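Shared between the two complexes below is chain A, which has chain B as its partner in the first and chain C in the second.
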Partner chain A sequence: MCLHLCLCTLHESLTIMIEAKNLTHVYNEGTAMESHAFEDVSFRIGRGEFIGVIGHTGSGKSTLIQHLNGLLKPTGGTVYYDGEDIFKKGYDLRKLRSKVGMVFQYPEYQLFEETVLRDVMFGPMNMGAAEEEAKEAAKRALTLAGVGEEFWEHSPFELSGGQKRRVAIAGVLSMDPEVLVLDEPAAGLDPAGREDILNTVAALGKKKNITILLVSHSMDDVAQYADRIMVLSKGKLVFFDTPEEVFSHVEELEEIGLSAPQITYLMRDLAAAGLPVDVNANTVEEARETILKALGKK
Partner chain B sequence: MREITLGQYYPADSVLHRLDPRTKLAGTLVFLISLFIAKGFPGYAVATVFLAAVIIMSKVPLSFIVRGLKAIVILLLISVSFNIFLTDGTPIFTLGPLKATREGLNLALFMGVRLIYLVIGSSILTLTTTPNQLTDGLEKSLGFLKKIGVPVHEIAMMMSIALRFIPILTEETDKIMKAQMARGADFESGGIIKKAKAMIPLLVPLFISAFRRAGDLAMAMEARCYHGGEGRTKLRPLHYERRDVIAYIILAVYFVLMIIMK
Partner chain C sequence: MNIIEAIKLNFDYVNREESDGTETVVHALSDLDLTIEKGSFVCILGHNGSGKSTFARLINGLNLPTEGTILVSGMDTKEEEKLLAIRETAGMVFQNPDNQIIANVVEEDVAFGPENMGVPQAELETRVTKALENVSMTAYRYRSPNRLSGGQKQRVAIAGVMAMKPECIVLDEPTAMLDPTGREDVLKTVHELNRQDGITIVLITHYMEEAVDADRVIVMDHGRVAMDGTPVEIFGRVEELKKLSLSVPVMTELAFELKKAGLSIPEGVLREEELVEAILKNR
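Take a look at the complex of A and B:
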C-alpha cells in the first residue's frame, strides 16, 4: 500500500533524487539483543521537496535517515542517489556526504574548533577545498544560517544555544549539499528560536532548491512546512503523502500514538458545530482563511 | 569502539546471573589462583571442565565470550613466541638464529592457555554481573578495609559511576564520530600523525560533553543530599541464598581438586 501511495503522490515533474528500496535494518543481528529498527521501507523523494518525517521515539526514524548518506549500512535493501546504488562497492561515500548534508540532534555538541569560522570550514576542507575556497564557502553558509558576522571570530563555545545550533547547521551547509537532512533541529530551543530555525531551513530549501528532510516530533511544525509527510511506526512506513491526506487519517494516527496538528482538531470541532470550514486546514494560515470565509468575511 | 566486552553485561536468565556478586567475585578469584597453581596437564583438564561448565551455565553465547580475547591477541602472540624460542632444552627446529625447543613449546602452550582462561574467567564475571551488582559486591567484600581508613564506599561509588559511563561515552563517541563523518571527516586512512590529528574533532567535543555530564551528575547527587557512605542504606541489600552456599561448596571442591591435581 505504501509503495503505491508514494509512487502516485510524487509529483510528475520532479526528478527522483533519493530512492529507498526494501530498506531493512536490524541491530545486533543474531544476538539476544537483536531488534528491528525498521523493515522493508521503500520510498522516492524528488528534487526540491520538503519532506517531514514523523514517528514516535524508537519508530526507527533516526536510524532510517542515517542510511541516506551511508553512515549506516542496511541489513537488507538499498538506497539509490541520483539513480546510483550508494552501497555498491567502490561508491564514493565521502562525496555523497557532501551532497546529502546531515544535521544530527543537538548538533552543537559536534563543534570543536577555536573560532566559528574555522569550525564551519571543517566540512569543505575535508572535501578537499583550498583554505581560501573553504573560507568563502563558510562565510556564505554562515550568512545563510543567519549567524552574524560579529560572531565569526568568536569561540563557538561562547555562543548561546540557538547560535551554536546555527553554526552547526552552517557547518553542514558549507559543503553545498543538494539534500539537507535535519534530525529535530528545533529540539530544546525556546518557541522563538524554534520558529526562527525552522523558517531559516524552509527559506533555504526554497532559495537554493535544496531537498529537505525534517525529522520532528511536532505535528504542527511538520504541517506548516512539509510538502509531503512520512509517518513511521514501529519500523514500518505507515503513510507517505501530502499533509492534508495524512492528517485526514486522524484515527489511524492516534492509534499509533501520534496525533494530528491542533488546528486539524479545531477545524473538525468547528465543522461538527455546524460552521462550514475546510477540515483539511492544517496550519494557522489556512485555518484563518477558511474560518473567515465560512463567516462570510471574505 | 564497540568491542569492549570487559565490563559489558549480557542480559540472560541463568543461575550464574542470579548468584550473589560476592560469590561470583570469590569464584573468579579462586579460579584465577587455581590457574597459577596448575602446572601440568591434569590440572588444566580440570580447569577446562570447570570453565566449560560455567560457560554453559551462564547462557552467554560463546561468540560473546571469545570477543573479549581480541584485545589480548598481540600479547598472547608475543608471550607464546618468546616462550617457544627463548627456553633452553631439546631443540625441535631452528628459524635462523632462533631455536625452538620442546620445553619451550610446552611452556608456551600452558602459558597461552592460562592467559586465555584468565581473560575468559574474568569476562564471565562481568558478562553475568551488572556493574552495579559488581561494585555492591566489592564494597561489601572489602568493607573490612574501612577500619584502616580506606574510603571503600567512595571508591566503589567512583567505580560504579565510571562503569556506568562507559556505555554512555561509547554512544556519545559514536554519535560525534558520525556527525563529523557527515562533514567528511576521515578517521581511517592516513599515517599515524594524520590519524592522531583526525581525532581532534572527536576528542574535543567528547571531553566537553564528559565534563558537562560530570557536572550535571554531581549537581543531581547534591540535590538528592548525597553525602558519602556514612549511614547510607541500600535499596537491595545483598544476602546469600541457598544457591550461593551450593556454589561455594562446588568452588571448594574444585579448588581442592586443583591442588591435588597440580
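Take a look at the complex of A and C:
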C-alpha cells in the first residue's frame, strides 16, 4: 500500500531535492549478528517541504536520516540529492554536508566556543571562509534563528536551554543549507520554548524555502507543522502522506507503538456519537472550526 | 504526614563567564517552602530554569542547600551519616535512560542499588523479582538492557529504584526522550506504584497532559512555588500559566476556545471524555 502513496503524494509542482531508492542498511552483514536497520525504503522529498518523521524507538529513523548527508553508507540502494547519486565515486560529500544540515538531539552539548558568535562561525571557517565572511554568515544565521544581538558576545553556556538550541541551529544555518534535518529539537524544553523553536524552524522553511525534516515523538507537533509525515516501523516505511491521511490510520499507528494526535481521538469519538464533524481535524484550530460548524454555531 | 519538607530552602550556584572571568551568583532556589504528603502523587511544572531539577537534586542529597533545610522522612540531608538512608527513602529517575543503565543483564541492573546497600543475596532475589513485576518487565529479566526500547529502559531504571524499597520516587522528566507508547507505559507504571504500593511520586515534567491525573500540581518559578493546587484548579488559570512559559492540556485549550466561541462548557475540563460529553450537550 505504501510504496504507491510514497511516490505519488509528492506535489507535482515541487522540485525533487532528495530521493531515496531502495535504500537498505544492514548491520554486520553476513554474520550471525546481522540485523536490518531498515530495508528497501524509497521516497521523494520536494524543495521547501516540511516533513515530519515519526517512528517508535529503534524504528530506524536516526539511522535513515544519517544517510541523507552521507554520514552513513547504505548496504543497498542509494540517495540522490538534486538528481545526483551521493554515494557514487567522486561525489563531494563535504559540500553535501553543508547543504544538508543536521541538528542532532541535545545539540547544546556540541557548543564549545568562547562566544556565541565564534561558535556559529566555526562551520563557515571550517569550510574555508575568511574570518570576515564567516562573521557575516554567522550574524545572518543567528538573526534567522532568533538569537538576539545582545547574546552574541556571551558564552553559549550561560544561555537558557531554548537559546542554546537556537545557537546550535544557527551553527548549521551559517552554512546556508538547502535542507535542515532536526532530531527532536524540542525535547526537554518547556511548552513556550517548544512552540518557539518549532515556529522558528517552520518560519525558516517558508522564508528561505528550506526543506525541513523534523524527527519527533510528538504526534501533536508533527500534525501541526508537517506538510507530509513519514512513518517508520521496524525498518520499513509504512506511511508517507499528509497528516490527515496518516492520522486516519489510528489503529495501525497504535500497533506500531505510535498514536494519533489527541484531537484526532476526540474527533473520532464525536463522530461516533453522531456529531457530523470532520474526523481529519488534528489541531486545536481545525477542531474548533469543525465542531462549531457541526453544532450550527457558524 | 509529610515525606518531604523544604523549609526556607535556598540553593545558589556560581556562573563563571568564560570570556572575561566575571562571576555571577544564580539563585536557583529562593526561600522555597514546600511540603509533600506521604502517599501523594505530585506533579511539578515550571519553565526551563525555574528550579524544578535543582529541587529534585536537593531531595536526594545530590546537592546540599546553600541555606535552609530539606527533610526527607524527617532526616536532614545535611547530616552526612543520613545520606544513605535518605537515598533509600527517596529514589531518583532521570531523563535519559541510557545514562542510568549500567549492567549487561536487566536483573543485575535492578540488583545494583540494593546490593550496594548490603541487602543479603536471598532477599535480593525477592526484591528484584518484585521490582520487575512492579514495572511489568519480568519477561525481560535475563535480557540485555541495550536491546530494550526507551520506555522499557526507563521502566528498568524505575525497577532499580523500587528494589531499594523507597517510600518516594522522584522522576525528573522521565518521558522526555520516549515515543508515545514508552511515555504511556512509564506513566501507567508510576500511577500503579502510587495506587497499589502507596509510593509517593514526585513527577517533574514539561508535558501538561502528564499532570492531569496527579493529586496535586505545583508550578515553580524563580526558585519558588508560583502556583499550588489540584489539576482542575491549576489548569483553570490559562493566562497565568502562559505567562510562566507553560500551557494547559490540549483538551483544556480546546474547551477554552469553544467556550469563548459561545458553547456551554463547564469549568475544569482536562480529559478527552469530559470534553466529548460537554460538546455533545450543546446539540
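Methods note: the second predicted complex is superposed on the first by the 293 of 298 C-alpha atoms of A that agree within 3 Å, B and C clash if a C-alpha of one lies under 4 Å from a C-alpha of the other, contacts with A are read in each partner's own complex, and residues count from 1 in each chain.
Throughout what follows, a residue touches a chain if its C-beta (ideal position, glycine included) is under 8 Å from a C-beta of that chain, and two chains touch if they have at least 3 such contacts.
All of these numbers come straight from a predicted model, not from anything done at the bench.
Of the two partner chains placed around the shared chain by superposition, neither chain B nor chain C is touched by A:I16. Look at A:F157: by the touch rule set out above, it reaches both chain B and chain C. Contact with chain B, but none with chain C, is seen for A:G123 once the two complexes are overlaid on the shared chain. By the document's definition of touching, neither partner reaches A:V26: not chain B, not chain C. Of the two partner chains, neither chain B nor chain C is touched by A:A202. Of the two partner chains placed around the shared chain by superposition, chain C is the only one that A:Y265 touches, whereas chain B remains out of contact.
Annotation for chain A, partner touching more residues between chain B and chain C: C. By the touch criterion stated above, A:D190 is placed in contact with chain C alone, chain B being left untouched. Legend: residue contacts after superposition of the two complexes on their common chain; A:I291 is shown touching chain C, with no touch to chain B.
When the two complexes are superposed on chain A, the residues of chain A that touch both chain B and chain C are 157. Residue ranges on chain C touching chain A, taken from their complex, read 15, 17-19, 46-49, 95, 149-151, 173, 176-184, 206, 208-209, 242, 245-247, 250-251, 253-254, 257-258, 261-263, 272-273, 275-276, 279-280, 282-283. Of all residues in chain A, only 55-58, 105, 114-115, 153-155, 157-158, 160-162, 184, 187-195, 217, 219-220, 257-259, 261-263, 265-266, 269-270, 273, 275, 284, 287-288, 291-292, 295, 297 touch chain C in the complex they form. Residue ranges on chain A touching chain B, taken from their complex, read 31-33, 66, 69, 71, 94, 97-98, 101-102, 104, 107, 109-112, 122-123, 126-127, 157, 171-172, 175. In the complex of the two chains, the chain B residues touching chain A come out as 10-12, 61, 64, 175-176, 178-186, 200-201, 204-205, 208-209.
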